[in-house]
């Protein structure tokens, strides 16, 4: 079929879904509106499949489908078309978005069944998918930015979906404003790049990118890419701007699965991979990305250990895994980054949906201290969650192992990386294993702490099908991109993903040949670390539940600090938001009320005073007036004479 | 014979000084005296001072226009006096008071 | 020197004679039917008839440029325009006198007689070329005015105002005369034409002449209420009955400025830098005093008095420009146009005030305006139009008056005066808006005087229409005024 | 003859409304008449030739021959859309003020029509004095609208508004007179037409402020800065908005602020190019301060109308910054932002007016949980908030993006501060949105005595055109920018020796 028609269907079917549900937003039937929404996303999934099939058909170098609908903006030399194009990278992304998206839509039908605003919910979800597709397929940075903010808007709507509750509304607002800070940086990045390249079209910019690395920090490309990265931290919740993601759990769980695990948060990584020719030439930015990625991974993992809300643990795990992706991209392993992005989408979406079905079963109970031993009540959810767990901590045959190991290896091996980064990564991996196992033990294994009033039951089939599909994917997903060192040893299974992305990804400059022994050795170290911390966690939380209490009390201050999320929120409020608000009160009072208005009052009093003087002159006494005339004449004459 | 200096010979300046003096006395009369009638009189004084200066100039320039003007001034002074007195009478009838200190109602 | 006063001179002063004879009619008719006051309407018609005849004759005879009575009077375009404005304003004042409480009593015929005589004095003053004729015109006008104010039915304030006006008026005319005597002393004649040419030189060399000219100008400054000599204006304007205040604020001010213009035309300002500077400072102080004084006023008439002082300040700027401009009559014609627009506005405004007066001793305060818009929307609208025009806001005639004035000032390089004038008109906006606020934006029970006042309302409407229409059409009028000077 | 009809038709309508017999049908008549006016103005749009940068549909007759003042009307790329914005907003305002204005209805509609004439005159007049007449004329009807139908402190607010604007514009009058004398020196006969002003070479020397071009530049820009309002002289705007009735604030925010920015583009930048360039840093920093200060202060306002008023101070800061960058992006962006601000802030005030009609209170703290009670109102309010925060796909984004792009291209330093405006904008609007629409039901929302009912058909009819415009201008800006392209191009390319011809 003709590409532009397909592209139109791909993009517009979620929009049509949004419009249909939007108009009938009052109607409470979940199945009907859910059906429409899922159908819309499924249609775009099918059309993306066809498009990707066409793409595969094309010769390796020229794999590109470009469709331009209309000229959006044209001011002098700045021309932007509403144009979209699919290449190898965006092919993966649209498959992930529409695929995982439709699964999550299916799941939400069951999950949001008894909510009266369900049609509105599905409308927002479809709008989100529409915006995400624009972000991914955007031909120029500006079209991407349209999707970028559109996605932020939808996450605002969905997080604050149950707006009657003040905290949930506040979480939505917080998400939007933090994203907006990132978007402001994104804007600055666009301006710098437009100033240097004269265009914002991604293809043209990649072509124009210089080949020699740019040394100085204030070089045009470094500055531009740095701003883009700050924008990415806003969207993909890295160190400075990650605060909104944990609060975003206030939204319904499928939303967290779709937006805050699979698609939106990965936008930052995707943007960097898409502009990899630019980033590869800015070593300073790459260094910054790598460091922040690694730090976030460890930092978020440490908080994840101390959280008691099931969704908060998963949220911090997402932030940590995103840290890994940025670490991969930061050291130039764009392929590994994309690979981890894909696998993470599968198992994290799986676990969020799993936690969704747990919460659904436990009647909105999210605190894992009141769960435990749900294995026997929810076998399917437990089994699928088990697969997710195994994938994320990086046990060999599963997806997580291949992608995470690739990242750890490249962070050690790549010239842009360094052993320190590998160490951070390894520690992060160990912590991930610990808190994920802790989560598994506290929710599924161990003795049941479920309160009497609640008796959990398996979620309906409508919700378990997506779980099963995602479970399979998170197992199988890893084999797509098996690192060649393992591939060779297991009878040269080709690294399909690497091979697929190769023409579009710039190779890392002066990358030395990897000796396999070192790679095996590092792989062994990281896997063993992960398994050991998993056993410790199993021991803590299943064998002797009271030991974690003892340890926690022994390092009381540190434990409290971490469990209160290093007081980062309070820090932001204290240093930025509150002073801003009080400062602007004083500012308004000082400038508007006391300064400018005061001047107007002073002038009007001056004028009134002048009037008083003139009035005093008019004493009414005749002779006073004659005196005035006399004096007037004398003064006038003296001046006339003198000059 | 004696030298014609300022003291002995009465020239134009003397008359001018005289009229100036008269004018100033008239002026102070208006400024200081509280009685309405006295004010009227001092206004007449000022006008007569002007007459003197007119006549002095006319004599000095020996052209007769000055003196003709004096007639005009005198007639108008008379008319003024009549009007002034008429107003003074109405004020007295109404306020029973001749001293201008009492009618300062219009002020501010 | 041969003095020939023939028929031609008599024809030239025919407007004055006509008005004088007309002023006698009401008195003689009263005389004949044994001192019984004829109906006010008839007297009014007789008075207006006299004025109209005078106006017609003036348009016929004026503007021809000839002089009469051996160059004592001149009938150039200044006389024509100023005469017309004076007569029209006097007519409007007469109409107001007919309906105002404090003036339409049993002595209305005497009042009309005095008013018409005052107009005769004005015409003499306007056409006077000889300082002595100026003095005569001045005195005739003022004396009849003093009596008119004194005759008001209101006992207390008007008598006091009359006396104050009398004393200060004669005081100032004495000063004027003193100056004339000095001028006569130095140049041998009091006729402006004779010392017109060498005035510039005389002013620098001869100290006595400079004194003379200064005294004359300062004498005039009293009459047009310029700053230090303005003290009488608020009291007299408030004390006098409203029609007389209108009469004084418009007609008297116009003709006094005309005479001042003639004296200034002798280019004395060019000669003596001191005089030029003093007049500028006088203009500045007048505007300031006028505007500042008006802001704190509570009594409406007193506020309008201060506003008329401020307007004298603006006009003085025009007079200074006329004084120093050597080419063309741009300055003088801008003064004339401004006076024309000023008169139209002031007549309308005082007509409104006289409508608001319920009895002869009712002092119209600003609060009595509250809620006028809901009671009398038409009067309120007209009054707002006058206020907008007085403030100099564009669509109205006042703006164009000020525009031409400041345009002339900038033309002659007096930019700082123009800026000062413009800032003052902003200050004036504040107190011009106050009545509009009270009328439209506050509730209250302002009420028009009981019986029907259609004649004054007609005046109000006429001036409102003038302001609205002539504002836009001011171009042709201004060129007509200027062209009449050139030929 | 087309421009004169558009210009003076509203005056005739004002008369018709004043003498209309029965009170009941006044509003319908006024609404119908304003629709007629809008349709006629569409003809101007049809006849406008987008390719030429010259002044079109010229009407030139001598008015005051002595000073060369002419009755001179003309429209070009820069003023076209503002004329249409005026005629587009007036019927909406009349429809919106159906039952919010219930006293002296005739007076209100007459004042609204006179105001429309004044605004159209400001945009169409090419002769200086002719322009000045309309510029001042706009003060009087606004004075009455705010003064008579306003809130509690309306008298203070309206006098402050009047005096503030008046101070600036009288200085401009003296500057215009001086320019007229310059034309006389330059070309022999005095003329007040803008085309002649452009031809005058006004001497400019850097360094001090006391040279001629700088003085004239500041005289003009003070008048327009007060109207925009630029930062230090903005305090009249919040008072005027809070006290003005809904239609008053809509027309004030919708069009009257644009008179200031338009005049900067028409009268200041081309007329005094060197001074504008020399003092650009001053206006850029004032604009940026305006953006940040406006946003910050808007954040902490307790009164929703004051919040929106300060938000328009912030938006106008963007426009000023866009203009003093003198490149294609900046000027096109600021022109576009004028239209956006007209639409989005106008709509915001309409919405506030609608909720004010129901609850008679503007205290944000008294609201809360409105989204549950008034869903349709919330949807409209949210869309307009998006446009006001400049979210992509809405009109606000295009304008702000272009301005920031232009700013970065010309003066990169300022852009880092201006961009914070984007974040602060989102902060105060969403914070207000949260406090008013989300969370528990506020005291106004939950009292049963008079339950709030959702938008009536009329109110929806008022808002729909604005929402359609928000998305239309957001997605297809070229439909609007094509018409301004040649004029902006002309302005940017020969900014230093600017000239305008007349298209016969």
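General remarks:
Letters A, B, C and D mark the chains as written, and numbering starts fresh at 1 in each.
The working rule: contacts are C-beta pairs under 8 Å (C-beta built on N, C-alpha and C of every residue); 3 or more make two chains touch, one makes a residue touch a chain.
If you're wondering where the values come from, they're calculated on a predicted model, not measured in any experiment.
Innermost chain of the displayed assembly, by C-alpha centre distance to the whole-protein C-alpha centre, is D. Between the interfaces A-B and A-C, more contacting C-beta pairs are found at A-C. Once the centre of each chain is set as its mean CA position, chain B and chain D turn out to be 67 Å apart. Separating the centre of chain A from that of chain B, both taken as means of CA atoms, is a distance of 100 Å. The centroid of the Cα atoms in chain A and the matching centroid in chain C are 80 Å apart. Chain geometry summary: the mean Cα position of chain A and that of chain D are 38 Å apart. Multi-chain contact residues of chain A (touching two or more other chains): 615, 618, 620, 622, 626. Residue positions of chain D in touch with at least two other chains are not found. Among the residues of chain B, those in touch with two or more other chains are 27, 30, 100, 104-108. Interfaces, counted as pairs of touching chains, are A-B, A-C, A-D, B-C, C-D.
Considering their complex, residues 63-67, 69, 129, 132-137, 139-140, 143-144, 147-148, 154-155, 158-159, 162-163, 166-167, 170-171, 173-174, 177-178, 180-181 of chain D touch chain C. Chain contact summary for the complex, chain C toward chain B: residues 132, 135-136, 139, 143, 146-147, 150, 155-157, 159-164, 166-167, 170-171, 174, 177-178, 180-182, 184-185, 188-190, 234-236, 238-239, 297, 302. Contact residues of chain B toward chain A in the complex are 27, 30-32, 34, 100-101, 104-108. Taken together, the chain C residues at the contact with chain A in this complex read 163-164, 167-168, 171-172, 175, 207, 210-211, 214-215, 218, 222, 227-229, 231-232, 234-235, 272-275, 277-278, 281-282, 288-289, 292-297, 306, 427, 430. Chain contact summary for the complex, chain C toward chain D: residues 388, 393-395, 399, 403, 406-407, 410-411, 415, 418-419, 422-423, 425-426, 429-430, 433, 436-437, 440-442, 474-476, 478-479, 482.
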